[in-house]
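Look for chain A in each of the two complexes below; its partner is chain B in the first and chain C in the second.
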Partner chain A sequence: MLELSHVHKVYRVGAFGGAKLRAVRDVNLVVEPGEVVSLIGESGSGKSTIGKMVLGLTKPSQGSITFEGKDVTSLRGFGEKKEYYRYVQGVFQDPFSSFNPIFKADRVFELIRSSYFPGVADADWRKKVLDVMDTVRLDPDNVLNKYPHQLSGGQLQRLLIARALLLDIRLLVADEIISMLDASTRIDVLNLLADLKERGLGILFVTHDLSLGNYVSDRSVILHKGAIAEMGPTKRVFDNPLHPYSRHLLSCVPQLHRTWAEVDAELAADPPEDVELPVVAEGDDSAPLVEAEQGHFVGIDQS
Partner chain B sequence: MTNVSGAPGAADSGTAPEPVAERKVSETLHFARRNPKLLIGLSIVLGFLVLGLVGPLFIDHDPNEYVGPQTQSPNGEYWFGTTTFGQDVWAQFVYGVRSTFIIGFLGGGIAFILGTTVGFVAGYKGGIIDEILNMITNVVLVLPALVVLIVAVAYLDVKGLFVQGLFIGLTSWPWAARAVRSQALTLANRDYVDLARLSGRRTWRIITSEMAPNMSSYLVMSFILMFGGAVLIAAGLDFIGLGPSNGVSLGMMLESAMQWSALQLGMWWWFLPPGAGITAIVGSMYILNVGLDEVFNPKLREL
Partner chain C sequence: MTLRVNDLKVYYQTLRGDVHALDGVSFDLADGEIMGLAGESGCGKTTLGKSLIRLDNRMRHIDGTVELDGEKLPISDDDAMNRYRYHEISLIPQYAMSALNPTRKIGRMINELLKARGVKPATIADELRRRLELVGLDPEVLDRFPIELSGGMKQRVVMVMSTLLDPSLLIADEATSALDVSTQRSVVESMVEFRDRGFIKSMIFVTHDISLVYQMADTVMVMYAGRVAEKAPAATIINDPQHPYTKMLIGALPEVGSTTDEGRLEGIPGTPPGLLNPPTGCRFKARCPIASEECSETPPLVEIEPGHWAACWKTGR
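This part shows the complex of A and B:
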């Protein structure tokens, strides 16, 4: 459904734009309908940039992003973009900054209505809104007709998901939607994502939290310095990490009843399986992947 | 939460559902009526506006005509006294208030429209468009505006209020453009602006309905400053004899009062009304601005 092939994003930085910052390097990945794909990485690994490129908010420097066979990067003009957003929507990290503080929170529904459903009658629209509010398990009396600062982060985040559901979406880009929520509301939102997946929605789940990625996703992509370090079915990636960076990353998850020294000793005692990592020549921007086992890919080592 | 008295949501939850637009207007009015700063500022500005509009209708002679005895202090017949030449200061004052508003609205308005348009487009679009608009802004900014005005006004045959206002507008917009651009730059990257893009909104709709309301008090503030600036520049031009050849303005009144030593002769009624008039108009607009800020921004409301 969604396919990224050889996507690069290079930013010009420095006083005169002389230096280059490679945010995303040669990323290839696919999201199928009814599948949750986690993009996992540390700060600056390019995961949010990939989300923004899929949503058409920034353009890739190189490579192509296709959605159902249509190239997203070459969408021309306002009409084509609008049509694209009918099927692809995003939810951002910070629910408090996703709402215009001047207006009431439920104005996000009105935006969708005026753009995509101008002809729908008031009563029908109200029914539709109540319907999606029920899907995200929000009580309309508590959230409608309120200003954003009067609502909690979890309520706002679910309002944003409800907003996306008003459209007939097929792909949801969820950019760290859990990280600003407290622990008790996290699980509700995660379970909501699982429900959406059941409905056949493809979800690109961007996160820096390994356990969330593990809980929710079918496939995991671990990013390091803009390139894919490891990609494969979540279970295999987490049970049998092959790339040195993912092994290191997994060992960094704090565990009860174990000290860091014990974890390090165990890591040293259990050397990585004999996987030959791909190598690229100096100055080569590509980041090839090697299939270590069925559907489980390993990328270049940049450490 | 719903029971907080005076909270925007609580106030109208008991009443029957009204159409959205109507409710929004009535709510703004609700807060506007309870804001003393807004009411005081607005009534003074409107008072002067009405004076400038209606006052001249009751004066049956030219404000510059020598109608009465010379150097009279305020009395029943000549409310604000007369000048050294026997001109009616009250007549000059009401005509001066009128031309002050005209020059303020015209000069300030043209500068405001040009400046905000350039600033918003440059800040929102970024990239090459930003570079070009910024260059134009900087060029106009470093032009010695007063010298250009003097040359232009001196060479033009028509020396009316409108030409003066037009020239003031065309030379004083860069300040607003830079200020608005810097604000627009920070607003353009907010999540809610991205969300509006995902909702299929056009660029100008995003600028007018997402970004501009968030800086409405800023925009009103810059309009007030441009208004005041235009009045002062006009007064400066009047002062060096480049004002409307047969009109009258508060700036010209001050100038002739100074030229004929009103201060030294103790003719306070000659220079006090125009000075106090300019101060009262600009000062009350500032108070009005603070009040508007509280009405438009829910976070500043005293709940």
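This part shows the complex of A and C:
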């Protein structure tokens, strides 16, 4: 459904834009319908830039992004973009800054209606809204007709997902959507994503938290300095990390039932087998992947 | 006993009335103890940290006492507290690393801070360098501006700076939340090392991340709506929690290795009560699956087994 092919993004940095920063390096990625793909990386790994490029908020410097066979980067004009957003929507980290505090929170539904469904009758629209509210498990009485400050972060975040569901979306880009939520409400939003997946929605789940990425996703992509370090079925990536960077990252995650010392001791007692990593020549910007086992790829080492 | 907090009540004054942010908090902190303080946003964990060092002008001390090393702290008297601040109690506030003065080099900033607290910088310069090296920083950072350092380096500078006078108590409020996992691990490990070397006697580590607390804390205290729900050794809180809130909170955390295929985790339905007019009795009763009539009375915090405290009518009998 969504396919990224040799995507690069180079930002100009420095006082006069003289220096260059390669934020995304030769990324190849596919998201199928009904699949959650986690993009996991530390700050500066390029994960949000990929999300932005998929949403058409910034253009790749090189490479192509196609959605259902159509090139996303060559969308021209308001009409084509609007049509694209009917199928692809994003939800972002901070739910409080996604709303205009002057207006009631459910105004986001009205905006969708006026731009995409101007012909729908009031009663039909009302039914549609109640329908999506039910999907995201929000009680309409508690949420409709309220201002953003009267709602919790979890409620606002689910409201934004409901807004996206009003359209016939096929791909949702979820950029750190639970980082600002409390532990007790986080899991509700994650479960909601799992529900949506079962309805056939493709989800690109961008996160820095490895345990969250693991909970919902079918496939995980670990990014390091803009390039893919490791990509594969979530279970394999977490049970048998092959890239030294993913191993390091996994050993640093605070776990609930195991301390860091225990994890280190386990690693030392049973060192994982090494795989041959692809190498590139100095000055070559590509980042080839090697298939180590079925569907499980490792990339170049940049440490 | 480093710190003894007894029935502490601190309210925020607002135009609509008092917000009962801390409503009868009692706990002890032993020498050398690192206590993780966990809870949802708005449960009063940051207020507790702040109350121990400085009440800002909206906060009012209603009742209760705080004792540090056997001495009663005058927490409601801003001027009298000055003697303790930085010397005896030190705080790493949330976003501390973004609050470094951008116009000063790190070294000059630390010297100014020491002078403001009546300490000659020269007497401590060697120790400062030694400690910077201990946390893996080149003493050269003293000649750099904050903008030249990465997040993890800034957080380590803040940590060294705030513990330079060997305070009895260090309060770290979400000190590592903004860092990447690998940096977070090394900062947390240096904090534990500071305690092991006796630079700080004991520490309160405020965070919303219970799995992080499990990595480093000796004990964990869970707060809910301005009160203590449970306090116990870290392993007990994770493996054998007694208070229903703690149980549900731990149950809602996805782990590395858990997926939706193996069964879904459940969140806690509902939201914490507003603290402007808090409900009577147990504050968790509206969200609690086992609440009954007796919960309309406030449950006391009782020691259900040595070192394990919980405030719930259903435990400890």
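Going forward, the second predicted complex is superposed on the first by the 286 of 303 C-alpha atoms of A that agree within 3 Å, B and C clash if a C-alpha of one lies under 4 Å from a C-alpha of the other, contacts with A are read in each partner's own complex, and residues count from 1 in each chain.
Methods note: a residue touches a chain if its C-beta (ideal position, glycine included) is under 8 Å from a C-beta of that chain, and two chains touch if they have at least 3 such contacts.
Worth saying up front: this structure is predicted, and the values here are computed from it rather than measured.
In the superposed pair of complexes, A:Ala194 makes contact with chain C only, with no contact to chain B.
Contact with neither chain B nor chain C is seen for A:Lys20 once the two complexes are overlaid on the shared chain. By the document's definition of touching, of the two partners only chain C reaches A:His248; chain B does not. In the superposition on chain A, contact of A:Leu210 is made with chain C only, not with chain B. When the shared chain is aligned, chain C comes close enough to touch A:Ala183, but chain B does not. By the touch criterion defined above, A:Lys127 lies against neither chain B nor chain C after alignment on the C-alpha atoms of chain A.
Shared-chain residue A:Ser98: touches chain B; no touch with chain C. Touch criterion met: A:His257 reaches chain C, while chain B stays clear of it.
In the superposition on chain A, none of the residues of chain A is touched both by chain B in one structure and by chain C in the other. Listed in rising order, the residues of chain B touching chain A in the complex are 1-2, 7-9, 12-13, 20, 190-192, 194-202, 210, 213-214, 216, 296-299.
Residues 42-43, 152, 182-188, 190-191, 194, 208, 210-212, 214-216, 234-235, 238-239, 248-250, 252-257, 259-260 of chain A touch chain C in their complex.
By the touch rule above, chain C contacts chain A in their complex via residues 40-41, 151, 180-182, 184-185, 189, 208-212, 214-215, 238-239, 248-250, 252-260, 264-268, 271.
Residues of chain A touching chain B in their complex: 55, 57, 78, 81-82, 85-86, 89-90, 92-94, 97-103, 108, 110-112, 115-116, 141-142, 145-147, 149-150, 160.
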